[in-house]
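Two complexes follow with chain A in common, the first pairing it with chain B and the second with chain C.
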Partner chain A sequence: MTLLSRLGATLPQILWLLPLALLPLVVSSQRRTLVSAIAAAPADALSRTIGWALRLAGIVAIGGLILALSGPYRSGETITRTGIGAQISMLIDRSGSMNETFAGKQPSGAEESKAAASRRLLADFVGSRAHDQFAVTAFSTSPMLVVPMTDRHDAVRAAIAAIDRPGLDYTNVARGLGMALPQFGAGAAQVSRVVLLVSDGAAVIDPKIQGPLRAEFAKIHPNLYWLFLRTKGSPSIYDKPAGEDTPQAAPERHLDLFFKSLGVPYRAFEAEGPEQVAEAIRQIESLERDPIPYTEQRPRRDLTPWAYALAMAGLLVLVAGKLLEADLQGGSRAAAGRTAPDDAADERRLAA
Partner chain B sequence: MNRFLTRNFRDRRLQALAAALLLLAMTFVVSTVTLTRNMVDVLAVVDITGSMNVRDYKRPDGTPTSRLETAKAALRDLVTRLPCGSRLALGIFTERRPFLLFTPIEVCRDFSPLDGALDALDWRMAWEGDSRISAGFYRAIEMAAGLGTDLIFISDGHEAPPPPSTGGAGFEGKPGAVRGLIVGAGGYGLSQIPKFDDRGRETGFYGETDVQQENRFGPPPADAESRPGYEPRNAPFGATAAHGTEHLSSVREPYLRKLAGETGLAYAHLEGPGGLFAPVMQAATPRPMPGSFDLRPLLGSAALALLLAVYAVPPLRARLRRRGTPAQRWKKA
Partner chain C sequence: MKTGEIVYLPRWRPGGSRVGAHRSRDAGGLGTFRDQVSFLRLPDARRIDIRATLRDPFEGTYVRRFETRTAIEVWALVDLSASMRFEGEASRAELVADLCMGLADSATRIGDAFGLIGCDDRIREDVVLPATRQRGLATERAAGLTEVDFRGGSARGLVDAATRLAGRPKLIFVISDFRWPEPLIEEVFSGLALHDVVPVLLADRAEDENLPSFGLMEFDDLEGGGRRMVFMRPSLRRRWHARERARLDTLRRIASAYGRPPFRLEGRFDAEALSRHLMAT
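Up next is the complex of A and B:
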């Protein structure tokens, strides 16, 4: 029953032609011969068998061809297996400063901008493990969903390839997080979920949004990694400002404090050059080694050759029947009687 | 023995059956042939500025829907129709520049993330409110040239703030270097533009005084002298506030056609949530790629036709003949 339910056709409409396969029951493929009295030749079992065999062959040939034309297949299956990997929602800063180098200058010559470095390193990261799933969200003033959670690594790499294009205005982390978090969707909770924030700055998170964000983090409970691309001379995550210690004065430090207060596994990586970015990505990769269920699509199997083979078998019998055909009245155009060989004579009984 | 074999060989029906058998045998040998098919590589840039929220399209069920939603539906429809191997890159436009979301993605293998990304397009992605379409459009052409793709630029052509009376900056690139299509979104009649607050909730529509009705940078327009209160030094644009319909929106087709004309692109109007395939295939550069063509249905249907003829032709012929002449014996082939 399960086997039957997995059979399908690409063009099922063609199957409406199947009644045509009954044609051999009505008409014979053999020549018609006039016999003055059908009773002249006694009915015999051999003739009858050959007659039915030819009819059946006709049915099989026509039916097989119609079946083949409809494109029969056994549908593929989706098998769920378990591999090593994680669902990773990448949140990438596309603010204008990402196009500067780690030294805070416009890149020149062999220098690499922060965006170009993260593009290169993240592209290597995507696809290094076959079963990771990625979503990409970009943010500056407003968040932009680039690619929803997918295991199609080509598409993710295409999204990452765009991140060193000229960036936009500001760094609005809160709204970006608000869009990156829902990407996990409902699903198996035991899957390792990762939010990877790549940014070169931080911003004050509006106290009004802090509450909803906390609730969202508590619900999804992802592992949070912040890859902070620190520009030379700019404050570190761990620097206490000389003056007042407010979020406005030291947004990086306070974003770090906010992340620490979320109650989710959190790590910040401060990178001051491409090598450190690579090292941070390596560490994240080694930390996320949990099993993840993934689906494998077993391709569907084309049954067309079988249908053609069936039709061919029927056709072979028909051709043989036609080859061995002989007439009661012999080959001459005149109706003079000539006894046909016995085996061929049997087949004449099909006629009329 | 030989005599009846030769006679059998001359039987049309045997010949037909043998031909059918040969065709069937060929399905196992030459199942597919390779031939070149035309794919396209295209960058779609979608205008997500405020005027694209105007609801002047209708869903199939008759409820109104916005230009942006219709443009998204049309792009999603396009992706399902493009031949496999074609690739689509996606960018959004607001302010004065396009923003590339991703480089080209193959439309069949990676259909699901591509479809998801198109579905996720939202006016809330906009980083600034201006809508300087010509500037954004010219830069979209540069972006397409950089990616080596063609361009689909979907916009309603509504510049905000309005361009100066002298017209904006012209196109500096080489017309026709990038091929593609401008798609004009929106109805031909004026409609109200919805207004949203800073939390994204709709709060009404733009009124006449909410938007800039006239661009007063640069030299005044030619008719300025006839305006009330005109004074060459102190009131070169006249002394009264500008009135106009900039707070209402329709598709600015002449403007978009002009942009298309000066850059060598084609123009098409977005009629609904579909219909982009034909104009895109027409405007885009065909990129021949090897594809495979299944010959088996051709061979199989020819064999089926022969086989059916073997059974159906003699009785039909007999019937025809019976109608014409009195009963006659079967003619032996």
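Up next is the complex of A and C:
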């Protein structure tokens, strides 16, 4: 009876009038024709059916009107369903270098900055599957929470649309991750969780922060994807520096190593152009195919039109009944007008 | 309302000593010559038929007999059940009143007595008029039928009326629409079997021939039989007429077995038609 419990009325006291709907059982809308004996009418199933149909129509009409006056509605609710998708926390680099092209120049003409390319491609990614949930966090020197975890893709797209605004300063990955990770919240553990880090450079992660970050990763256990937008000529993730192999000398390589050491599923994608970015996003999309529970909001629904429609249906039947009505006097005139020969024969027979 | 005179002939030879208009079973000294009987059978020396006496080779003495004329009683048994309240082409109550006034008038005019018994579930004592020769009283009571309250659910009282009418044969008009169960018809007619019974069937064209052939009608039974929706259509109309004919055939069969077929009274009371019916059957 969950359906019944969700039904309500704006003016429930009007529903006290509902017993009036039984009136058609007592009173008829049709004109009464007094006859000396009802037994003269032959029993007829069709007539009986019509009689009951009219009575029912009367009940429906009165009941529907009372119901409509009381303003019925079905209250809103939140439904949890399961779809295919993932919770994706995007962590997007807003450092100044993101505004440059992949060639490391200021964009001019048809050229596209790294931020613009990732904006375009990520915007397509968002909403390609209906039940993905996204959080967007931007970071440069300090992290900025843009959109918390939500399934409102419009909001997410709007957030992504904003990431090609001129960036600021440096790349502080550690604090960005520190903000991106808690976005998952305390949800169901079996949901596939993804941290998507989009950056064009790396930074040293302070050993002091490494401990808490490891703990956080171990607790949330997300899949980590690093989309590294590599500027032409800059070192790759996998390049060993010629000199000393310290985080300061090769921050990309050491960030990669740090991620590998976290013990979570991790992949790095190195992209040197928009095509490679698109390819990387496609791969991520195909990797994350797990069931995800999602909630659906169903708004309160006004049922008054339905009640009026119900009453209308009943009234139409009643009007049809009224239009079909015949009476003895009118009938006698009509029959006199016709004076068909068989009628005359009938009369003679009856009169005999 | 002034109606024409209803002419009727009793089917039996009435007895009785009251002088009236009808040929009597009894023979007496006055009236139309009937036959000659032996003086020993009717020792009335004033009426000795000399010619017949002389003609008889056995020398018997003959006396002339003359038919006496006697009066009879005409009764109207009126069904006062609620179905008689029906008004189609004509008001059934007015038809009944017209008929009874005609009967009262015609009966008292020739010296017959007119009596009236109204019955619904039992005899309605307020609508009972013992047989009377007073024209004024008879017509007044007959006219009063328009004011009578038709309210009974059946006409069972007619069975009791039959016992009340025991005795000499009478001319009895049973006035009803005869919408009775068949056993009741049988019972009433058999109860009145000793009398000359004229069933007067009140019919209305609106109730049979002139029913509409198409349309929805909600019928309400005057006798409290409930309401019923009827979807009139040609096939149902035919069935209705067939039923109605079957009912009338049953009535005719029963009534004819006890005397006369029913007289159909509808639309307007026509004394001449009733007279013809009474003469012909």
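Here is the rule we go by: the second predicted complex is superposed on the first by the 230 of 352 C-alpha atoms of A that agree within 3 Å, B and C clash if a C-alpha of one lies under 4 Å from a C-alpha of the other, contacts with A are read in each partner's own complex, and residues count from 1 in each chain.
Heads up, the rule we're going with is that contacts are C-beta pairs under 8 Å (C-beta built on N, C-alpha and C of every residue); 3 or more make two chains touch, one makes a residue touch a chain.
What you see is a predicted model, and the numbers here were worked out from it, not measured in a lab.
In the superposition on chain A, A:E325 makes contact with both chain B and chain C.
Looking at the shared chain after the overlay, A:Y308 reaches chain B, while chain C stays out of its contact range. Look at A:R31: by the touch rule set out above, it reaches both chain B and chain C. Greater residue coverage of chain A by touch, when chain B is weighed against chain C, goes to B. Contact with neither chain B nor chain C is seen for A:A45 once the two complexes are overlaid on the shared chain. Of the two partner chains placed around the shared chain by superposition, neither chain B nor chain C is touched by A:A110. Overlap of the chain B and chain C interfaces on chain A comprises residues 31-34, 324-327, 330-331.
Residues of chain A that touch chain C in their complex: 28, 30-42, 44, 46-48, 50-51, 54, 321, 324-332, 334-336, 343, 346-347, 349-351.
Residues 1, 3-8, 11, 13-14, 17-18, 20-21, 24-25, 27-28, 89, 92, 97, 99-106, 109-110, 112-114, 116-117, 120, 122, 124-128, 296-297, 300-301, 303-304, 307-308, 310-312, 314-315, 329-330, 332 of chain B touch chain A in their complex. Within the complex, the chain A residues that touch chain B are 20, 23-24, 27, 29, 31-34, 58, 61-62, 65-66, 68-69, 71, 94, 136, 138, 140-148, 150, 152, 154-156, 158-159, 161-162, 165-166, 168-169, 304-305, 308, 311-312, 315-316, 318-319, 322-327, 330-331, 333, 340-341, 344.
Chain contact summary for the complex, chain C toward chain A: residues 83-89, 92, 177, 179, 203, 205-223, 225-232, 236, 239-241, 243-245, 247-248, 264.
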